[in-house]
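Labels A, B and C are assigned to the chains in the order they are written; within every chain, residues are numbered from 1.
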Amino acid sequence: MSAPLQAEPAGIGATMHGWVRDLFPIRRSLSGPGVRQTLDYLAELMPGLDIHEIASGTEALDWTVPDEWTLRAAHVETETGARVIDLDDHGLHVLGYSEPVDAWMDLETLQEHLYSLPDQPEAIPYVTSYYKRRWGFCLSQRQRDALRPGRYRAVIDADLKPGVLNYADLVLPGESDREILISTYICHPMMANNELSGPAVATALARWLADRPRRFTYRFVFVPETIGAIIYLSRHMDEMKARTHAGFVLTCLGDDRAWSFMPSRRGGTVADRAARHVLERFAPGYTAYSFLERGSDERQYCSPRVDLPVVSIMRSKYATYPEYHTSLDDLDLVTPTGLEGGLAMMQAAIRALEANRTYRATLPGEPQLGKRGLYPTLSTRESGIQVRVMMNILAYADGQMDLLEMAELIGADIFHCAEIAERLCAHGLLEIVPAPERG
Amino acid sequence: MSAPLQAEPAGIGATMHGWVRDLFPIRRSLSGPGVRQTLDYLAELMPGLDIHEIASGTEALDWTVPDEWTLRAAHVETETGARVIDLDDHGLHVLGYSEPVDAWMDLETLQEHLYSLPDQPEAIPYVTSYYKRRWGFCLSQRQRDALRPGRYRAVIDADLKPGVLNYADLVLPGESDREILISTYICHPMMANNELSGPAVATALARWLADRPRRFTYRFVFVPETIGAIIYLSRHMDEMKARTHAGFVLTCLGDDRAWSFMPSRRGGTVADRAARHVLERFAPGYTAYSFLERGSDERQYCSPRVDLPVVSIMRSKYATYPEYHTSLDDLDLVTPTGLEGGLAMMQAAIRALEANRTYRATLPGEPQLGKRGLYPTLSTRESGIQVRVMMNILAYADGQMDLLEMAELIGADIFHCAEIAERLCAHGLLEIVPAPERG
Amino acid sequence: MSAPLQAEPAGIGATMHGWVRDLFPIRRSLSGPGVRQTLDYLAELMPGLDIHEIASGTEALDWTVPDEWTLRAAHVETETGARVIDLDDHGLHVLGYSEPVDAWMDLETLQEHLYSLPDQPEAIPYVTSYYKRRWGFCLSQRQRDALRPGRYRAVIDADLKPGVLNYADLVLPGESDREILISTYICHPMMANNELSGPAVATALARWLADRPRRFTYRFVFVPETIGAIIYLSRHMDEMKARTHAGFVLTCLGDDRAWSFMPSRRGGTVADRAARHVLERFAPGYTAYSFLERGSDERQYCSPRVDLPVVSIMRSKYATYPEYHTSLDDLDLVTPTGLEGGLAMMQAAIRALEANRTYRATLPGEPQLGKRGLYPTLSTRESGIQVRVMMNILAYADGQMDLLEMAELIGADIFHCAEIAERLCAHGLLEIVPAPERG
C-alpha cells in the first residue's frame, strides 16, 4: 500500500547536486571567510536564514570560541621553485587551523608536518588541529613518496587570531510551538557526503516546508560541527529543551550505497520511531547503528543535561566508508539520486511526524460503515485492504496508542493509516486525543 | 503431573452431537422463526434461559435492528416444472435475507442471482445480504454447470418486514459478582463447526456450571453474530464493563483437526493467560492467531470503547478451513470427540480461572512440613514432584504473583498448584490475597 | 581492558586449601562438638568472630532447635571381632543424627540400616536423618557387597539429647549501614566442595575486607544449613530486611571444573547484576541456573516474607556433579586454584558492588577534556579505548543508570568504568547521585 519513496519537488536531486558543486570549492573550516561564503550562498536559497557571529574568546558551555582562521594561500616549493604541494590544487592540502609559516627546511623536517594515508595512496586525508597550534600539509601517499631529499620552502599564508565564528538558523513557525530540529554542519572543506549532503538536504527541506502547512514549528540550524552545536545550545538550550518534539542531525545523506540510522541516546523517542518506521518501509535492509557509534552533533544534543530526542537518518554513515575524511569523498561519490533519496527519506520522516496523532474511537462496538458511505463502491483487492486497515484503525483507536504504534502493529504505513484516520474523523467515528506530547 | 484433558460429564460428546443434529436443519438467520425455534430448543436444555425480542427499527449503538426475515419456501423450476434448486434439499440454497420473488426469466438473468464456488464444485456456499435488498440462490458449481439455456421460474416465498430480532441470555450467579462472559451465535443455517459447535458447547458448559459451586458469576449470551452482540451491548454494556473478569466467544469448537486461539485486543488479560495456559498444557501445538485475524464477536466486545477481556479457544478457526461457510461444514466435519475436546478445553480454562487466586506465605523462611504431615508418607517419584511443587509454591507466594503466573513459572499446571495451595492454606501456611481484580 | 581474574592476597589459594585440610577430618553435623571445633578454628583466623549457642527446644520461626548430637565412636563388627565398618576409617560412615545402638543382629536386619550407592560402588554416601530418629551406617557398595551372612554387632556410641546448637557471625562496619550478607554453612562432615570451600572463601573474604576501606557494612554468617539460617533469621530478620543491599550464600566454590550462578527469587537485584557482570566478564561460559534449582540457604533468605537479594556464585553447583554428597567430594576435588578462583570471583563481585554508584554529568554538552588534561598525552590503542569509555560514561551519566547498567551498555567492565568515573568526579564533570538504594 506504500507509494514508492519520492522526493519533492521533482528534479530536486539535480538541483541539490548543483548546490553541492557550487559549495564544494569553498574553503570552509570552524570559522573564517569560507563559512561566511557558504552561509551567504545558503541564505540566497532560504530567505529568512539568519546568519550570526560570535566573537572569539566568548564562553559557550564548557568551551571557548576559538580564534578565527583565514587561509589565503599555501604551497611547498623546491629550491628550483617547483611547487610540489599547492593549496590551489586541492583544498585539503593544508592542515585545518594551521598557523602561518614561511620557512626553508630539509625533507626530514618537512616530513614531520606531512599527513598522508599509506593504505589509500591516491587519497589526500582531511586533518585538523583546532585546539593545538601546529602547521602542516596533507597530501596523497603517492605525492609524498615522490618527494626527493633536498631543501623545501613551506609557505602557509594564514591568520589565526581573534575574530568571529559564524552560524545560521531559520525558524519556520507551525500551528504548534512544539519544534522539529534540523541541524547540519558547514565546516569541512571539499568533502561531499560527510559535509555538503547535509546542508543541501537541509536547504531542500526548508524550501519544501516553507510552502506547506506545518503542524510543528521547524528550527533549522547550520553550524560548524561540535563547537557550533555547543555555541547554539549555549544560546537556545532552554527553549529547545522545552519545545523539541523530535530532531535530526543531517549528515552523510548523499551517496547511493547504503541506508543507516543513528538512534537517540536512550532510543524509543518519537524521532526514533518515525525514522525507523520510514526506513523499515522504504529501506528495509538499512543498518541500525548503536548510539555507541555516534559521531556528529547528537553528541551535544543527546548529552544527559540536554537530552533532546535527536537521531540521524543517513546513507553511508561517517567513519564507515573508505572515502570518509579524504579527498575521495567528492562530487562523484555524492550523486543526484543519492541526495534525492536522502531528502525523500527525511521528507517521509517529517510527514510521519506530522501525521502521528493519537486517535480514539467515539462509539462502542464497530460502527456501521455502510450508512456513511465508507465502504468502497467498487470492491477490489485494493479496496479490501483499505477496509481492513479501516477496521483495524477503529479496533485499536483506544486513545493511548499513537498512529505510529498503530501502523507498526497493523503492518501498514502511517501515511495510509493517517489518510483513513482523517476520513474516520471527518465522519465523527474517531476523535484526536490531545496526547501529552512526547519528545 | 497433568491429568489428561477430559470433558464432564462422561459421554457429553455424543450428547452434544445429538443437539447439533437436532438443530442442524433449522433455518436460522439474523432473525425469524428459525432463531426462535433454536432458542426454544436450548431453553429446554437450560432452565432459566431468558429469550428476548427487540423490535425492528430499534436503535442499538450505531446500528438499527433490521427487519425480520421469514423464509417459507423457495425453488427454481424449469418450464416443465422440474425443480432444479429447492430449499427443501438444502437450507443454504437461498441467499440469506433474500427479498421475495416469483418471476420467470431466462438463464442469463437467473445467473445474476446465483452464487457458487468454482474451486469447490460440490459445495453450496453460504451467502447473505443483510443490509442491501437482493434475492438469490446458492448452489454447487456442479449444479450450476448443469443448467441449460431456457426459461426458469424463481420463487422465494419470504417476508422481509418489521418484526423482531431474538436473543437469549442466562446468568448463573456465583460467590462474586465478577463475571465470566460466554457468548456464542445462533444465526447460521445448516453449518456445524462455524455455528452449532458454539451453542452446543455453551449449553454443555451452562449445564455443567449450574451444578457446581461457582466463585464467579457466569453470563451466557446467545445472539445473532455482530448485530446481536451490538444489541446485547446496547442493553448491558455498563454492567459488563464493570463486572467482566474474563470472556470467551465460543465458535468453531467442533472438529478434530486443530486447536486455535484468538487473543484479546491488547492480549495479556487473565482470559488470555488462562486460555493459553490450558492450551499449552493440553494442546501444545495449538495455533495462536493475532487479533488482526479476528472475525467474530470479539470485534464488538474488544472494541476500544467496550474493551472487555474476551478471547476465543477454537478447534479449526473460521476462515482457515476449506469447508468454512459452505455446505461442507456439516455433521461429519463436527464430531462427538471434536465437540468433547472443545468442551473439555473450555472447562479447563474455566477451572483455571476459578482456581486462579493470589497467595501469600504466612511465615518467613521455609515452614516445617514434616510436623504438619505435609510430607508424603510414601516416597515415590510422584510424591517427590509433589513436594517440589509445594516448596516452589511456598517460595513464590509473595502476594503479587497470581497462581497462573506461578504455575507457568514453576512449569506445573494450575490445577495441581491449586490443590497444593489449598492444602497449604488449610494448614495456615498460605493466605489468599484479595488481589485487585484484573480483567 | 579487563585485568585477569586475580585473588588477593597472592598465594591465598594454598592457604585456603590448608584450612580445608585442617577442617576436613572434624565430625561436623547440625550441632555438637564438631561444629564448635570448626568455629573455634575459624575464630582464630577471624578475630572478632562471635560464636553463639542456642538451646535445644528453642523456637525459631516455624522450627524448633533440635537436640544436640555427640558422636564418639561407631563400628560394625563380626562375631570374630573383625570391624567391617569403622567410623575411624571415614567420617561419613555413620548416618547423621543416628541414635545410639549396641546390638547383635543378622545381616538381613543390618541391611535395613545400611546406605550405599549401587551406581557409584566406591563412594560412601552422605545421609542424615535429622527429624526422624533412626540409626544407620553409610558405606561403599563394594564394602557392602563383601558382607557375608552371619551375626553382626552394630555399635554407635552417641548422645542425642538437649544441648545447644552453635553458629557464628562477624560484622565489619562500613561507611554506610547498608549491608552485604555473606552466609555459609558448617554442618557437613568430611566434604570439601559442598562444605568447606564455603567457609574457606568466606574466611578469606573477611580477612581481605577487614583491611580495606569499606563503603558497605559486611555481615558474615556461619551456620548449619537450613536450621541455622532459620535461627539466624529469627534473631536478625528485621535489621537484615532493613539493611541488606546484596547477599551471597557461599557454597561449592572449590573445584576447577565449572562456574555457576544461582539467582535470587525474582532476579534482577543488584546482587544478581553484580554477580552476572563479573561472571560474564571473567567466566563467560558460566551456567546460569534457575531459582527452581535452588538448594542452599537462599531457600530461607529469599523466601517471600524475608525476601533478601541473595544469590550464589559457585564453581560446580551442588546436586550437579557426581561426587556431590559422597566421600568423593574430597581434598583432591577441591584444589588451591579452584578455591582461589572462587575467592577471586567473589572479590570481583564485591568490588563491583562497592564501585556501583549512580553518576550524573554536571555540564550540558560534551565537556572539553583537553583543558583538564583528561586526554592521554601519549596516544595508543589503549588510550584510545580509554577516551572512548570516558566519552561514553559522560554520554550516559544521566543520574538514573547505575554504573553496572552503564558498564553493561558500554561493554566495558565496571572496574575500568569506576576508575574513569572517579577521575571525572575529581574534575567536577560528574557528580554522584544519592540513588535510592536498591536491594
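Keep this in mind: a contact is a pair of C-beta atoms (placed from the backbone, for glycine too) under 8 Å apart; a residue touches a chain by one contact, two chains touch by 3 or more.
In this text, all values refer to a predicted model and were calculated from it rather than measured experimentally.
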item	value
Homomeric contact chain A-chain B: same or different residue positions, threshold half	different
Chain A onto chain C, rotation angle from CA fit, given as a multiple of 5 degrees	120
Averaged-CA centre spacing for the pair chain B and chain A, given as whole angstrom	56
Shared interface positions of chain C, touching two or more other chains	none
Complex contacts: residues of chain B adjacent to chain A	61-63, 131, 226, 229-230, 233, 237, 265, 291-292, 294, 299-300, 302-307
Of all residues in chain A, those that touch chain B in their complex	360-368, 370, 391-392, 394-399, 410-411
